[in-house]
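Two complexes, one shared chain (chain A), two partners (chain B, chain C).
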Partner chain A sequence: MSFSDKSDKRAVERLLDGASEPEILAAHSVTNVGPQPASGVEHTLRRTDVDVESAKRAERQVAMFFGLAALSFIGFVVAFFAIPKDKTVYLPVIGDTSASNAALGLAMGLGALLIGMGAIHWAKKLMSDVELVQERHEIKPDADTRASAMAQIAEGGLESGLGHRKVLRRSLIGAMALFPLPLILPLLDLGPRPTGQLKHTLWSKGMPIVVDVTYQKIRPEDIPVGGLVDAVPAVLPSVEEATHNLNDRAKAAIILVRMRPGEIRSQQGPNWDYEGILAYSKICTHVGCPTSLYEQRTHHLLCPCHQSTFDLADSGKVVFGPAARRMPQLAITVDAEGYLVARGDFAQPVGPSFWERTS
Partner chain B sequence: MKFLAARRRHPAVALLLLLGTLVAVTAAWAGISASTSNAAAAYGNDQTQVTKGQQLYAEGCATCHGVHAQGTQNAPSLIGVGAAAVQFQVSTGRMPLANLGSQAARGPVTYTPQEISDLAAFVATLGPGPAIPAAADVNGWTTADRTLGGELFRTNCSQCHNFAGRGGALTNGKWAPSLMHATPTQIWEAMLTGPQSMPVFGDATITPTDKQAIIRHIMELRTDSNPGGLELGRFGPVTEGLWGWVVGIGVLLLLSVWIGARVR
Partner chain C sequence: MSVIDKPYDWVDERVGVSKFIKKNVRKIFPDHWSFMLGEVALYSFIVLLLTGVYLTLFFKASQSEVIYNGSYVPLRGVKMTEAYASSLNISFDIRGGLLIRQIHHWAAILFLASISVHLLRVFFTGAFRKPRELNWIIGNILLTLAIVEGFAGYSLPDDLLSGTGLRITSGIVLSIPVVGTWLSYLIFGGQFPGVDFIPRLYSVHILLIPGLILGLVTAHLMLVWYQKHTQFPGPGRTNNNVVGYPLMPVYMAKAGGFFFVVFGLTALLGAFVQINPIWAFGPYTPDQVTAGSQPDWYMGWLDGALRVMPGNMETHIWHYTISWNILVPAVLLAGAIFTAMALYPWIERYITGDTEVHNLLERPRDNATRTAIGAMALTFYTLLWIGGGNDIIALNFHTSINLITRFLEVALFVLPPIAFLLTKRFCLSLQRRDRDKLLHGVETGRILRLPNGRFEEVHEPVSSAEAAKILARTEQAALPMPAKTDANGVRTKGYGAKKFRATMSQAWHSGAVPVPTADEIEHGQEHAAHQLHEAAERYGIEPGVPNEDFSEPMHEGIN
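So, the complex of A and B:
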């Protein structure tokens, strides 16, 4: 059943040494181990099996693939040092692109491809391609083995005393039941739990509204009907300077839109607009993407992430998409100098829902 | 009176009467039209342009926008939209509208630049609206601050027009067009007038300096190189995924067919 017979062993070795077709078939039947030649399948010989010249040609082709792969890798090294990193080159279809990236990618990819092609060519033309069949034994063990295994389990139960020593069994169950506690309890320490910071933003009574990026104050007459302004609280730049993060921007960003007062069908509070200028949060109530895809004709605000659509003329209610809550509105007015200011913080938390939300 | 009565059948009388009538009518017309030409002058247009524009309007626009530009159920009123809106819509080929749909698309331009400025001059007389930006203002983009432009673009424009200005989808079949073809003047006019779904970005909040910076960013987006190779429309994961699945996996499939093929 194994390679104990020396003649069998030799037959197998010849398999690896360019043996002829009948010899290969004979070797397999002699050893009677592993896969056997498939019966009922007619094996056709390849040109490389019968023609020495053809086999030599195939060998040269494989060697050529490997040689070209080596050249590619040398080309990679040359390109790495020779091509300046900031040089761009025009390639058809692709357009202007980095010369270094293009050369390195091509050289490495071509080299890997050539090695693969050489290996496949080798396998297809020169390695043995005899059709073989390998039988698999049944997975299910025989009746004796199964009976013996069950007997061992029963014997183990009896010897351990798990069946009749009740105190031992119960105390073990008790210990195992409490075992998950030390694993679960530390999860309570995972970072600060949300407290007030999700419910409050930088907006407060009298906080000037400024244009994002340029931080200039806004007068009502600066916004034409149909206009859109991406705005933030005036205090934001100094807060960002102090905190070195964008957390407050992520909550306080708003958009100002202006419509004809007659076009506003409803608001989240009485006269929260200022002469048709409405301020809404820019943060989607679904998962918190910035939404300022505002269509001035329909007054719809679209979120680019999941297509939630809010109607800003109708108190920011959801008209489409997965968002569950309307877009929070910020009440605004003007200060003594005529600049737009907030009348207070948002009346409800902005952005996506969270467990501790009450409204 | 005897002098006139005696000569009233003189051959020259008919000629003189004709001349007199002509002078009187011309004088009256000049008086009447003085008011309209003053209005035109207020928007920097001369009367012949307005008259030509009015003619063009009656021929090409009045069917949808109404004889008095008051708007119909198919088209908005043009009173107060300003010359900038007309120049944007007509010079991008969006107007005259090819067919009624969710939105007008950029297309072949129907009118000559002269005709467009005539039309714009006429519509400007209908009511005050944004004027065509001065060439000197628009051309300031070449020396504008691109860093500022990039920041403003990403804050105000990229949500609809894509971070690389390649455009994107809106609701109900509407879309934000690609910015790769618009001229600097057209980009300026679009910000100023808010065509179709686009909101207005007025000069008070996005100042002319800001607009120049945004335009410079857009113009240079067009010529930016692609360090990673194919730009695939710069739409992000959608086209990249499609490319990966169709081209990448397609090539792998062909390779596996070759690997599995029998040789002779």
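So, the complex of A and C:
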């Protein structure tokens, strides 16, 4: 082993000279086996540097930290086997919480923390706190080294012939330029080619409107004035059964709201409501969150993600927030049995804007 | 020693490890509390790797539908994806599973927080200057990767909150002109949400990005090692040395111990502070949402930018649509901010013309304009961040969400420049105060009556450590205004560009406070000492201060 400077070496030699550490401490009244401060660098002695008792106390403290850490980890093992995973415990401030989670975390965290505290306490109290000085080397190499490096590159370059064999160089560049193609091209099969699915939903002429979750058909009289119903097309459950994805739900979800016909100031088409029942897309025209907060009194529909607000009494136009387009309205009516049905698909794509969107 | 001699030699004869140890084991690192911030980032990354490996053993990254039948009663019988079901299993059916999941999430929060504060430390102390621009760039890439990694991580459980975040992501991707729809179809394997995204995100989250982060962290640390750490000015510290403690034993114990502190704290957080209770949100479905949906803190500013951007900003050209209301805040603004940040060392260098190697850090006050730029950027960021929580703020403070949003739309343009001006003034005032302290000493609170009846407060010279700090400020001249024409009346080449650069440079250095010269310091302190000395001699009084205060030259220790 080597030591950074003479005093350090001497101090360690003293240690190795058959004397035990306490003897050295007693003889020199210092615990510090480190070097002397460099000139110009300030240093103040710590209590543990000059007082053997306090150094011993610090050592006991460090050992205590490490010892408690070991105990803590044993506690982890005990907690792992002893506490049933579904047992809850009441803790002040936190409330009811998983007993297993709290005990395991406490044991693991406390143990780790104690190791860390012990090590840092050790470093701060018992290891030398004399600041040492090292010179920085200049990173930039001298002119000779640079010249020599450049000469070697030139030599290698010349031997490769890359400089004067033009055909070779150009063909290499060409080959390397095209090399990424076979790597990147297969990524095109990550997804199908967009073919206008974003412009259509499951809604069609005569499609029954059903309540989400229960999938029951709705009669106009089921919705009171001021009421709101989350609804989907009747065909959705069977489509989801077949596709095993939520893609159609993401576009077809609507809300039905009912207001007094006099309250409706405008709609996106003539008589698209049915006796004051209006159907609007539930998917925000901003970035596609489901809008879910409806204020009966103002007829405002608010998206909780970015607070775009739509006035459903006024053809779903944007009254506040970052959305650019009004909420698409679905024209509805009732079928022969008196259930609410759609009169067709949405007249415009629902959800967030996209490049190929024509309006 | 003899016990390790043999294995040591075995290794040494094969890889010559002695050479490396001899050179590095007593390597000096300077000490300052703020140098710990990067360490926190490193250690929380290690915690993330450890807990992440554990989670991969139990998590099933699949969007196949299953009916939940685990221990969490409220969701029994509910249809959900395997990803969500396995996240519930980790939380309820695997001993220590919830703990590891919560430690993982807390460590991610801490990872981003420590990277961010570390970045601020590096910025405000000028640690990014030559020769450390490369590490600045690497750090910027690491921050970007960490944000994406964190977002990917909390999106994986496929709960209602994370799915909402992905829906927003898909909306943002769709807003990109020309390729947006294609890109979105490639990412999601078709329409949103599809069934491919979670498995894809999983391989990005556990392999691709962690691999990149690991590689870049290694490069980051190797550069710190090779270029040696910067240090703050102080007695005995110069641009050409490093003053501090050796790696072995001090930093091995302190840094090694600190890893355990970080691990311990994240574990205690995981034990007692609930984070991301996915069971309370339910499985993702694209037609449901909860009010008060909030991303993790480091995504807040982006979400805020989306929120405060006024709508009605869509253009329709021929058959095509450009959604500026999404494109500007979520794509262009974010891109511009990260680009400007990455290029900052070159921007500053262009303005100041400073090409020197800097190993001594600057105190933020000592570079008023840079600190002011930082304050301006921080103000902008904070306002966006407030925008991200506008609904929470409106709810808790009973104010109108519309009012908060409108306020922010104006404040984003007004407050950052005000922050710039105030900070610059504040820094220059601190510089003046430092100068005064050095020239006239610090007030002691001891009042002395002089022979002529005047009362004077006794001033003590600043400590040598303080003086070294104050004197470390480098004075730099602004770039001179170029002459419009040369001696022969020929117009200077590139006059406009040179003039612009010089104007910027002069604005940068405007209001500069001169660093006291040695003469000024001597003169200033002699004057103070003289008055006290005179009073003491004439009346034989004790001025109430120790003798050495005026019997010794007061500028001792100041060079």
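A few comments on the model shown:
By definition in this document, the second predicted complex is superposed on the first by the 302 of 359 C-alpha atoms of A that agree within 3 Å, B and C clash if a C-alpha of one lies under 4 Å from a C-alpha of the other, contacts with A are read in each partner's own complex, and residues count from 1 in each chain.
Here, a contact is a pair of C-beta atoms (placed from the backbone, for glycine too) under 8 Å apart; a residue touches a chain by one contact, two chains touch by 3 or more.
Keep in mind that what you see is a predicted model, and the values were worked out from it rather than measured.
In the superposition on chain A, contact is made by A:Leu132 with chain C only, not with chain B. Touch criterion met: A:Ile94 reaches chain B and chain C at once.
In the superposition on chain A, no contact is made by A:Pro220 with either chain B or chain C. Within the superposed three-chain model, A:Pro304 lies in touch with chain B and with chain C [touch as defined at top]. Of the two partner chains placed by the overlay, neither chain B nor chain C lies in contact with A:Gly276. Within the superposed three-chain arrangement, the count of touched residues of chain A is higher for C, of the candidates chain B and chain C.
By the touch criterion stated above, A:Val211 is placed in contact with chain B alone, chain C being left untouched. Looking at the shared chain after the overlay, A:Leu228 reaches chain B, while chain C stays out of its contact range. When the two complexes are overlaid on their common chain A, residue A:Phe320 makes contact with chain B and with chain C alike. Shared contact residues of chain A, touching chain B in one structure and chain C in the other: 94, 97-98, 101-102, 105, 120, 124, 212, 230, 290-293, 304, 307, 320. Of all residues in chain B, only 148, 151-152, 155-156, 159-160, 168, 170-171, 174, 176, 194, 196-202, 204-207, 210, 223, 225-231, 258-259, 261, 263-264 touch chain A in the complex they form.
On the side of chain A, the complex with chain B involves touching residues 44, 46-48, 88, 93-98, 101-102, 105, 120, 124-125, 211-214, 216, 218-219, 221-230, 257, 290-298, 300, 302, 304, 307, 309, 320. Looking at the complex, you find that chain C touches chain A at residues 22, 26-28, 31, 63-65, 71, 92-96, 98-99, 102-103, 131, 164, 167-168, 170-172, 174-182, 184-196, 200, 226-228, 234-237, 239-246, 249-250, 253-254, 256-274, 284-293, 303, 306-314, 316, 319-323, 325-326, 329, 357, 359, 390-391, 401-402, 405, 464-465. Residues 2-4, 38-42, 80, 85-86, 91, 94, 97-98, 100-106, 108-120, 122-124, 127-129, 131-136, 139, 187-188, 190-194, 197-198, 212, 230, 232, 244-247, 249-251, 253, 282-283, 286-293, 304-308, 318, 320-325, 351-359 of chain A touch chain C in their complex.
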